[in-house]
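Letters A, B and C name the chains as they come in the text, with residue numbers starting at 1 for each one.
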């Protein structure tokens, strides 16, 4: 039982990280109709900058703040220099150009910090465990990630549902020409939304640093999971991104933890040994296929 | 009928490729035999992608899956002591067609960004499956000690013989794709790419045609996978890495999307460029070490400024007839 | 007595709270040219899209040649003999005019799982396509890439593609939209030559064209047909004058 709660928490923690990535990406898809593969690169940039600034300043909080600002700047710069010219291009061009951007980002990081994974430390006050139930001690830092992730989700909900910017974002996701007709500076809106998404991806990377390997290419692994999240949740929908992220996070984590022991109860242990890990790593993609078969537009499609 | 300049260039290039083994032997540079065989294998894979991407408008970002299925079919059978080349290659082609049928059946119901993400995600699924099966080497891969056997016909262990097999298959595949895209079937998938609503309005249901094209492309790419694992004599899930899918797409674009010879030019250009960036002694070490950085820059520039690719240079005005 | 070619009953389609068609009843008899007129936003294009199958219908039924086609997808309706032209020209821009029409012929020549023989050398497709192009007056332009045709010629090409499917009913969504006076006159003349031999349902803004071509006219206002009758009846109908013609005057 304890183990199950612990794995559910792990799943939530993965889920909120995926949500931070998916929120920005789904808005960029929905509003700019841009396939941005380089979104994962911003996650990587966030992780590296946080690690670097924490070491340089000695303060974790300051490091996080600087890394967030840095990722935002890198994101906006990328939008201004490269992505802006891609909005009017077809998806194929977008895929290839942002694929090129990934190579550029990964190699730049490798030039600066090398190809090996770097060690990203935690300050002492975040290293402990918290006893959240009798016999269940859970790492404080992972709890913090869940709390921050949910807080960001709530803040995003507020911005999108309650503010004028949010109104524009929602309108943009469903009807671009209408927003343009309202006389809104669409270029500025795009840049703001993109920067917003970049900062969220950076935040995910910053928080990922101390628990996952910080290395070139780390963004792409998570990016493809985020694609699954968005397909499951429906393009352009923040609600869908949250639901999709939590579902994918939980299914992936629980699958990896329990599929093998479960299989061992229904088949032989050696068969479970062989099939368990393979099946567990395929689980979220199978989930995606099922969702697509039932609801091709995702669970919370914002566009009809 | 007078052949177009592009057709002449294609025949000239094929003739040059036929001369490579002789030249490589004359200059004692067996490396080039290997390099050009590799280029031709990827040209076959890119030609299959060109069928659905260039002519069918299906932006499949998971085409490396079929390279992987083809390679695994050969590698796994070899691992279990089955070396019959006919059987291995048939399983490679059939298996790839089957996987393409399943992936295509789900993903062709969607379009646009969904299609891109779904084809990518399914390929990633196969990639992780490859990584997690320890029996076949997991992420390290395994050596394929004995190449596909075609007793009494040809010995792939002979580099020159293998080279000509690949060249012949490339010529067959290019001809096949050329005939396909100009047949009634090809006209339907091209029409559906050009104007989906119009295509439905005149009475075509595009789905089965798109799916059939997707399966044919998967099967051809499966053959390329079978060749590739014989080329490397090593089976690894890296064949299915998503960057491989990106490279295949880039080859199609670079050579000129929706042209018969484009995939060959594109594969040659990309692999030669990669080879230069990685090893050309005139370039500084900094370039060799971070060659993908420069590749990325070339990629972005080509997409932004040279969309019609190399074949575009040989083409006068854009017309509907493809040579 | 034979059932009319097309019988539409109580057809509805809503976009959110907006009912674009709100209970349309309509009959098109075999051989007639039937025009639908109505102010902007009356639901004309929605109706055509529902009839051709590009939009799903919320409620109501469509019977075509004695058969319920309400749930049939667009390609199957086309194969049953319902052809349409689009308000915004919809052709294969990078193909030649002949290719465009040959594709329409091909769509009605059995399945297209034929992988080897070049379609462009296939007389079974090219000859009928060429004949239709001659019929609409584009014979000399057959080998031109469609994108390079003049706007009026592209509209003619659309009609040619529709005709090439040998339709029993031709749905024409504003066939003279965006045309110059000369082009428009020629198109009306051409459509007049089809009268009688083809059953046509025509949505059109150009009143000259409508009153020249139509045997009967239906007036669509706010998603409902408020009147159907011969042109002179419609001209005289006070309700129509109030709701529609009055606006134009």
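In this text, contacts are C-beta pairs under 8 Å (C-beta built on N, C-alpha and C of every residue); 3 or more make two chains touch, one makes a residue touch a chain.
Quick caveat, the model's predicted, so the values are computed rather than measured.
Please indicate the chain closest to the centre of the assembly, with centres calculated from CA atoms only.
Looking at where each chain's C-alpha mean falls, the closest to the middle is B.
From the centre of chain A, which other chain's Cα mean sits the farthest off?
In terms of C-alpha centroids, the chain at the greatest distance from chain A is C.
If you average the Cα atoms of chain A and of chain B to get two centres, how far apart are those centres in Å?
Chain centres of chain A and chain B, defined by C-alpha means, are spaced 31 Å apart.
Quick check: how many Å separate the C-alpha centres of chain B and chain C?
43
In whole angstrom, how far does the Cα centroid of chain A sit from the Cα centroid of chain C?
So the centroids are 48 Å from each other.
Can you pull out the residues of chain A that are in contact with at least two other chains?
none
What residues on chain B touch chain C, complex-wise?
Touching chain C from chain B are residues 179-180, 182-188, 190-191, 194-195, 197-205, 209, 212, 318-321.
Which chain A residues qualify as touching chain B in the complex?
Against chain B, chain A makes touches at 29, 33, 35, 82, 85, 89, 91-93, 95-97, 99-104, 106-108, 110-111, 220, 224, 227-228, 230-231, 235, 274, 277-278, 280-282, 285-286, 288-289, 292-293, 296.
If you look only at chain C, which of its residues touch chain B in the complex?
So the residues of chain C touching chain B come out as 52-54, 73-76, 78-79, 83-84, 86, 90-96, 99, 102-104, 106-108, 112-120, 122, 125, 145, 161-162, 164-165.
Which of the residues in chain B come into contact with chain A in the complex?
Those in contact with chain A are residues 53, 59, 61, 106-107, 109-110, 112-114, 116-118, 120-122, 124-125, 128-129, 131-135, 242-243, 246, 249-250, 253, 290, 292-293, 295-300, 302-304, 307.
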